[in-house]
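Comments concern the structure below.
Chain nomenclature is as follows: A, B, C, D, E and F, assigned in order of appearance, with residue numbering initiated at 1 for each chain independently.
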């Protein structure tokens, strides 16, 4: 009962290759990372996820570095090892310094602490926040 | 068996009042919000939490708006209603526009989706990310 | 499309009443709380859950107060409003003082903070802990 | 300070062996998987968990394949590596095809995304859903 | 500092109305539910989310009722009140009976229990599951 | 793009060494565990986290063993592998027996199960718990 397998470019269908080509062109990389090779087992999920991610992470009102920092914050909170590793690397490529990384972790830690204090003390929402 | 009660300034001990005064001065507000009034039931937690939060959220390598956006991202992922309400308000005060808010939610949503795909497909970490 | 409804004692089947009677006798209360009335919609779940809970929460190597504190810690971490309210009340009945409640919340908060730091920094397990 | 150890059949008490025997007979397997060998360190937990699981996963209004798909959905959302591996294998044995696996992951991903959008936008429950 | 507001059809831009019209036609309902009205504040998120959800929830290898049951399982595990309410209603419309609902909750509960036992006992993955 | 690196005592700044020295003296150990060596990359987070943890875990209304059990309960619920390993070891050092460990896991499992049943059945809080 083997686990799921990655789809390498050489073995990919034209539909999957088209997505891989777009990822490689958009990110200017030589190969796609494992995440894409594994979800390529279901080509509609590969195509839809890439389309969404490309749209969501494109420059907008928030700059690309801030977007990657947010991605790391969610991935740490969800305890997703792959996601922490890949998005920390992406954030470094986007310009995250060691000092920014340290502050990011400090905020994520504190937010998780105060979130629980708010729940544990059953704090009602202030009228000013409604 | 009543739930926990907020400690109002008028009823607070000098130790608690000192923290409230520092929060009010630092944030330039007339009163502290419910979070602080509820955790004030345990004065050491009030003092320690405020000291930590003041240090973590102070301007540094990341600017205050980015820090508040990160706080919202964690609070949404943890599904903490109070925290989402209070930190969304704080982010707006720090300059978050409607467009930024929309992009923030879009990223938090996508990160939660792709986190689960990485787990469900059991994606191994690429050597390049180690 | 109404939400699920509680099953009151007067309307309950003999099978459900037998569980309610055992809860009331075990806990020495006049009525069961809402949790049981809602899950009574599926009698096998009601019976199985009560049997398990009665076994798990019975005095053992850990005393009943410690067991209730652990229940609150999990419920806060899961952000389950009903569970925080009901088990905080149960912990108070079992002897939790205000000071214990404050320390409990402080630990739950710190554990949630340091859990995320361990994940965010990708800390490998020390050989001594294996 | 070693981590917990599995209890192999040869070293098990009669009480633990009886549970192992029932698991092997019910599932028609030659040996129980690690989950059971580890929780066997606390025999009451082993017996209670197996009794509950056998009852819950038995054929009923939902067929066994659907039950395994639900188990995978929860395990992915909780990011439990062991559980994802073991229940994905169980779902495949129960008839899950590659296409079903792909759709399952797609739904789990989207549900996690929209769950966060509902929280982040603080969407109130429609009266029709109450 | 008001919370986010729903966008009603009468106040919606043509871009947003087009999505609302497609939701209403696809689901054969007179109005869209609050989820869509709130995320409509960011039209690209509205359009992208609806496109993804329509694709993912369309009949495929898994039938629509199974897909809704999976959605409920994730929403319960994430403790998303809005999502539990809306997808429980959707599952009932798709044919979920009271008995199915009871079994669904029982499985979600047990999966959450055994997920934690696997983590707490640090169970290593069996070679057969790799 | 390497992952974060531990800071060994020999390479540490005086500021970091002072924290390490205090951890070693407080815990009467020869070296600090990996958690501290990794977060030492951001010295303010190291100092603040240690100060908080020392205060929170000091003897108080709850005894040290109970505090460690609570830490394990949260770490299991958050599925933090490092944290489960390190705090299970700490709990054993503080006196946790095999029987206590078994009861702890049983409670954490049951609490996670009943938390989900409360959410899935949308159980309203009893007036007595407010």
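List of remarks:
Just so it is clear, a contact is a pair of C-beta atoms (placed from the backbone, for glycine too) under 8 Å apart; a residue touches a chain by one contact, two chains touch by 3 or more.
Since this is a predicted model, take the numbers as computed values, not measurements.
The interface of A-F is repeated, with over half of its contact pairs matching by residue number, by D-F among C-D, D-F or D-E. By number of C-beta pairs in contact, D-E leads when B-C and D-E are compared. With centres taken as mean Cα positions, subunit C sits 34 Å from subunit A. The distance from the centre of subunit B to the centre of subunit F, each centre being the mean of the chain's C-alpha atoms, comes to 21 Å. Subunit B and subunit E have Cα centroids separated by 27 Å. Among the residues of subunit D, those touching two or more other chains are numbered 1, 3-4, 39, 41, 44-45, 48-49, 52, 56, 77-81, 85, 88-89, 99, 102-106, 108-110, 112-115, 117, 119, 121-122, 128-130.
Partner subunit A is touched in their complex by these residues of subunit E: 1-3, 44, 48, 52, 55-56, 128-130. Subunit B contributes residues 79, 85, 88-89, 92-93, 98-99, 101-103, 105-106, 109 to its touches with subunit E in the complex. Contacts from subunit A toward subunit D in the complex involve residues 1, 3-4, 39, 41-42, 44-45, 48-49, 78-80.
Residue ranges on subunit D touching subunit E, taken from their complex, read 3-4, 33-35, 38-39, 41, 45, 49, 52-53, 56-57, 60-62, 66-67, 69-71, 73-75, 77-78, 80-83, 85-89, 97, 99-100, 102-104, 106-108, 110-115, 117-119, 121-126, 128-130.
Across the interface of their complex, subunit A is touched by residues 72, 76-77, 79, 81, 84-85, 88, 104-105, 108-110, 112-117, 119-122 of subunit C.
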